[in-house]
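Take a look at the structures listed below.
Next come two complexes built around chain A: one with chain B, the other with chain C.
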Partner chain A sequence: MQPDSRPFEVAVLLSVGRHPLTGRARRADHDARGLELALGLSRNLDRLQVRVLHAGHHDADNDAALRGYLGMGLEALTLVEQPAGADVIPALADVLAMAPPQLVVTGSRAECGEGSGLVPYALAERLGWPLVNGVVEVESIDKGVATLLQALPRGQRRRLTVRLPAILSVDAAAPAARQSAFGPAQRGALDSLQEVAIIDEELTEWTFSPARRRPKRLKIIKATSARERFKAAAAKAEGGGGQVLSNVTPEQGAEAVYKLLEEEGVLR
Partner chain B sequence: MLETLLPILIFAALALAVVGAVRRIRLWRQGRPSRVDLLKGLAAMPRRYLVDLHHVVGRDKVMSNTHVATAGGFVAAAILMILVHGLGLANPFLGGLLLAASAVMFAGSLFVARRRLNPPARLSKGPWMRLPKSLMAFSLGVFLITLPTLGILPTDAGHWLLALVLAAVVAWGLGEMVVGMTWGGPMKHAFAGALHLAFHRRPERFSTKAGGEGRSTGLKALNLDDPEAPLGVDTPSDFTWNQLLGFDACVQCGRCEAVCPAFAAGQPLNPKKLIQDMVVGMAGGSDAAYAGSPYPGKPVGEHAGDPHGPIVAREGTALVDAETLWSCTTCRACVEECPMMIEHVDAIVDMRRFLTLEHGNTPNKGAEVLDNLIATDNPGGFDPGSRLHWAADLNLPLMADVKQADVLLWLGDGAFDMRNQRTLRALVKVLRAAGVDFAVLGNEERDSGDVARRLGDEATFQSLARRNIATLAKYHFLRIVTCDPHSFHVLGNEYPELGGHYPVSHHSTYIAELHAAGRLTFASWKGGKVTYHDPCYLGRYNGEYEAPRNVLKALGIDVAEMGRSGFRSRCCGGGGGAPITDIPGKQRIPDMRMNDVRETGAELVAVGCPQCTAMLEGVVDTPAEVRDIAELAADALVLESDPGGGKRRNQPAFEEVTS
Partner chain C sequence: MTGDVMTEIPRRDPRREWIARNRLHPDHDRVLAELGQGSAAAIEWMGPHGVMRKNPHAAGFIGPNGLRRIDRSGLQQGGAPSAAARGRQESRRRVEIASPAFLIAVVPEMSGGRLSHHDRDLLGLARQLADADPERPGAVLAVFFGSYKGEGEGEPKERALGEAGIDRLLHLTSDEYDGFAPQARIAALAAAERELSPRHWLLPDSPLGGADLGRRLAVRLDERAATGVWQVEADETCMLGWRCTARGAAGSLDIQRPLPRVALVLAECAEPVSETLHAAEELALNIELPANLARIEDLGQVAVDPGSVSLGEAEFILSAGNGVSDWDGFHHAARCLRATEGASRVAVDNGFMPRDRQVGATGTWVTARVYVAVGISGAIQHLQGIQSCEKVVAINSDPGCDMVKRADLAVIADASEVLAALVDLVESRRSQANRGESRDAA
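So, the complex of A and B:
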């Protein structure tokens, strides 16, 4: 087999995180895990080129946080210059479309700002690439097809294959990011790239407040004996009420989702 | 025949020694520059040798006398030999002195030989085993060749063959004692050691004529502003030249090995081997020739390095494995015992700095702790706003409110630890009983940077230190008191280099002073036998051995000392980030320390450090309770209903120590 001379190119999208207790700017946990996943591809690829992108602007806090990623052993980070309040998706999509990588890795949700977790989805839609969320491992890449492990609740894993180029998003299930070292962090370059900024008008009308932990559904255990209580505590979540819909029209799908939301009391 | 042969032998040996010296000096000069006052150092060298070095050597009287006889005899014999046999000044006075000197040296070498009969494990074998024979060859040879010179024996006594044999013996002696001094071999320690004393990188650690024992224990800061400045030590040539010189001075006596807690616990560290590995790296080669105890669990001969190659490989093996460096608790027991005044801890932290700052490879919980320090200013990752939660009911005066106080009580990160909170509450009770005007920084306080620095993260240390210094600059206080010897050491000995100069006291010192001033009254001790564990950062780092004992005495406690106490105290295992990097060994260091406690039969061990408390209390099936000195003092307080108590409160407790 003739080896592919072109390096395998991965782009990692990185955001500035926020420490949950002190609010200090830092490497965002999920994004750092994404970068770790990308850097770890060197184990199964001979020629790997990792390009990292951040859409945002220079300031002391941001730069210090971005240098945290450089400290993981990168020579440079591309800063796609965007003012505060800009919608970064068009800019990121443009940059990615200009020099398309084979793989884009993102975190699943930003630690500050909107934090909607929609960036990978919006990018996938714009670029027309498949998206896999909750990726924990790229097992192999062969002839433009990647074999992935996706995290499911309770430690379950699902093996998927996806045609490249694709977008992968990682969450807290992915392997922890390596330590950031001061030396490479200081030496690494923050290369600026000017992009047209599109201000997100709707965002300006929003009011921001700290996120609250989502309420957890209480598990009511009606056990009468210790054995039953133990079984209930150790039991796997039963997905009994679920329903797999395939080959349905969008209307039918939407109707099913609407019905479920009504049943669950989300919509009244 | 000997008259012609001897001068040739002597001057050939001296010439060879000079060539060797030049080669050796070139090895040292591979290191980075270090500013040393060469002339002042050379002038101070005799005193450093005769006073400071012999203070350490003198702890073992037999060896000390042996060394005085052997080394003194050798130096005198060598000089006289050059005069008598080299330059032919064969007058009876010099000759007589030469006989005496070589006789003394021979007597010394007999004791050296006796020690080598059944050498303790800490001594290196190999070439060192031949040293007594070489010493004897030199002293005996010189003695015998001097006899005819003085006319005690006829010049033509014996056969020419005998003269040849004698010349060979002298040549052997000269080879080991003079040529070997600079070409390597056991006698290298004399040449390198003398220069190491003269050009030591911590000249302030030596005593001076003015008196006072020198002490210099603070780590030296890295220059982080210069992007060209290397971050720690990657290759042997990244050490400063006088550090390399220091490594070369090692006599492989293994005193460091005998006191190293990590070595005793079976962790892969042996300070002696580490220094020898640096010597191997400096010259290039493998450690196969090393003839002492290896790093536990790591056979000799598998590691090699060169002056410009990495000491720790990113993958595979190089000169030293990372876990060797991370086993150190920075307890300084090795430095305290080293008769050659080698600075092991500096070297280890220098290499750790590179591993953390460049490799980004701090083992186990290291990375997490450093991230916490960066994000929350404390190693546990606790909300910095909760630093005073333990004192919610104590109504502690905050510096932010009072702006000035006699005493600034530095809480340390023990403020987040429920065990240490008991100590802190006890200390507050004692301070209040003595009517001390004190205040705390509260949430403005940050970690002192101790752990970050010992884990090699100089950047985080300096960031914490500079912010702490800026906070402290806002307030007025006469001194800082802390119950954490690590904070004590860092605030007192390591902040000055960054511009923070404060008088700092350990709480035991302060309680002792308060008691001596009559401001505290204690009920006498009614419990059982008590022993005291010296924290490394209080004792060896700061020389405070007396104050805690004085407090215990004031409490009516007669301390049952452990076999290893005072400057020889065994580490609890909690220093230098060792509990964070957690390198596995055969046993745990605190277990060994608790065994020391068990041997005294004490029911209670008094401590003065949150780390020691945590480590010693973590021992299962413990023979003794662990109590901080502050807790013992607080329990024994006799609170008198003193009407003048309120008045006393406003007076400054002590005169200001610095201006």
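So, the complex of A and C:
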């Protein structure tokens, strides 16, 4: 078989999101960005096949959300049938292991339910594939090795290579998803796939409640005398034992600043 | 007469105390001097009911307008406290846990090679879990990767880490853990799990690496991690004796569940350790890394245009204020240092910098690790914005301004000259390094 005759296969895992204000079902933000990343691979690859999977069930509530993904230019979405409260990891792992794609793209965490962000990790562990989190760009795919850009905090980027097959997870740093078009969304098909459901027993023992506002941290003042308490309450920026260089030439000053910058590792 | 040991036990002479209180007694001065142990007159002594008595007539000094002034800050007090009392004040309570009943493992993220606030909160939580039962105390084990850049090596390092609440330390410095090396790090943590089997693993749920590493560890140990934990309470009915509250569903839900073995914890989950000093004893562990790890390879960081990084998340900011007159020089310096540009309000109002670069109360609250303030006086509105910066450098011509007081390093000189010298220095070092590299390559 010629290596190039088979299209490059990418599976994207999608969940149903929840609008933070209205609470209405929508495309999950991270997942939609993941789909955008996968669709964007057509720039690097001649033959690309994107398969999208949603583990759950289809009803009137989440119809709009699932069709939202279809409206990004997909013909079909595979629905791995699972009842509410099921653990989707075994089902997804089975589906992926049956017809292994070269790349799996997921969002970094779901917007409803537990939302722990453990799904990509659990899948990677089950399938034995490497996982890269926080991917913002796939620069190239060549001979079974993908070159990626990973987002670091503070807007920094890191270049990585990963041997395929691999799982990539995408968070808010990735490029925003395209708009969903209404026509294709209505035309797209939802193909359902029956899978054995394993009910998540542990989840039923937990209690869920709307997020409480976290208490503000109090400034604990351990003062022994009234004067210290007063000073702490009326604290202004104080000299934290900083070093002050006066009567120095600009060169000496620059040298000291340079040393500090170098120690902190911010000079690149 | 009496040794220092004796004076620790309060011995009272009621008659002398009575004389000391009676200013009109002929022996008053002599008795006061005796109570003062050498200084001119006693200022403080133990009263008949065990209450400290003070002599306001002997305290203080005569101020410029002829009135007696008493400084109550404790700076001027006579009768130096005994050596033991001083020692007690200086150091924290030392805690040694020789044979811990169990271990609580913490993997601080050590961004920039130091314990962050988040790490300290995490260690505070670990202490809560370890010290819950005073009969059977546990020990806190910290696992660090990479080099430590805090308060030096040896004794000061041990002390700084001990103050954060660390009993045992596993410091892994091998090159394999540098950069993005989840497989090597997980292999090391799995080895620690096998050898030491801690009761809990706590990691910061933060994008600096803890969130990723913790989830990998949880699936490797086959534990269902609690993520986004922000509260932990004792609860006998739970398996491990604790119940936690965690954020779920993108922060819109609170999930109450028993605390599992692996927990990813948010900042401010507990108060950092402030009263005790722990041993921070270094452990050695034989870790064999699996040979074939190279499925993910780190090619290093990519140069990002610092101007495109938003001010709020920039790591290194060069900020200009009213003291900058040479704006081309400033922009050139920022480019050369590859720093993100910031500004004070005056610089923005005067039209030298765009509004989205303003740092401070009405601008952006920045989180930079290094903040260089050039010609900024440090008004309170500006200082508020840089509260969470770790290192502040001030370049200013006025040694008395508030920014110099806030700064970790202040250079008192003309801003444009220092910046020009800094640019020269950086460029010369860079070209040296380049020449060195090309020589190596040749």
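Note that the second predicted complex is superposed on the first by the 206 of 268 C-alpha atoms of A that agree within 3 Å, B and C clash if a C-alpha of one lies under 4 Å from a C-alpha of the other, contacts with A are read in each partner's own complex, and residues count from 1 in each chain.
Criterion: contacts are C-beta pairs under 8 Å (C-beta built on N, C-alpha and C of every residue); 3 or more make two chains touch, one makes a residue touch a chain.
This structure is a prediction, so every number in the text was calculated from the model and none was measured.
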Exercise. With the two structures laid over each other on chain A, which partner does A:K143 touch: chain B (first), chain C (second), both, or neither?
Worked result: neither
Exercise. In the superposed arrangement, does A:R43 touch chain B (first), chain C (second), both or neither?
Worked result: neither
Exercise. What is the contact status of A:R187 with respect to chain B (first) and chain C (second): first, second, both, or neither?
Worked result: first
For this session: Would you check which partner chain A:Q179 touches, where first means chain B only, second means chain C only, and both and neither mean what they say?
Result: first
Exercise. So, A:Y121: does it touch chain B (first), chain C (second), both, or neither?
Worked result: second
For this session: Identify the partner contact of A:R213: answer first if only chain B is touched, second if only chain C is, both if each is, neither if none is.
Result: neither
Seminar exercise, completed: The answer to whether chain B or chain C touches more of chain A is C
For this session: Name the contact category of A:R6: first (chain B only), second (chain C only), both, or neither.
Result: neither
Exercise. Given the touch rule stated above, what does A:R26 touch, chain B (first), chain C (second), both, or neither?
Worked result: first
Seminar exercise, completed: Residue positions on chain C within touch of chain A in the complex are 72-74, 112-113, 149, 179-180, 182-183, 207-208, 211-212, 215-216, 218-220, 224-228, 230, 247-257, 268, 271, 274, 294-304, 308-310, 313-316, 337-339, 369-370, 372, 378, 380, 383, 391-393, 395, 399, 402, 404-414, 417-422, 424-426, 429
Seminar exercise, completed: chain B partner, complex, touching residues on chain A are 19, 21-22, 24, 26, 71-73, 178-184, 186-187
Exercise. What residues of chain A sit close enough to touch chain C in their complex?
Worked result: 18, 20, 109-118, 121-122, 124-125, 130-134, 147, 149-150, 152-163, 166, 202, 205-212, 214, 217, 220, 222, 225-227, 236-240, 242-251, 253-258, 260-261, 263-268
For this session: Flag every residue of chain B that touches chain A in the complex, lowest number first.
Result: 224, 227, 231, 356-362, 366-367, 370-371, 374-377, 381-384, 457-459
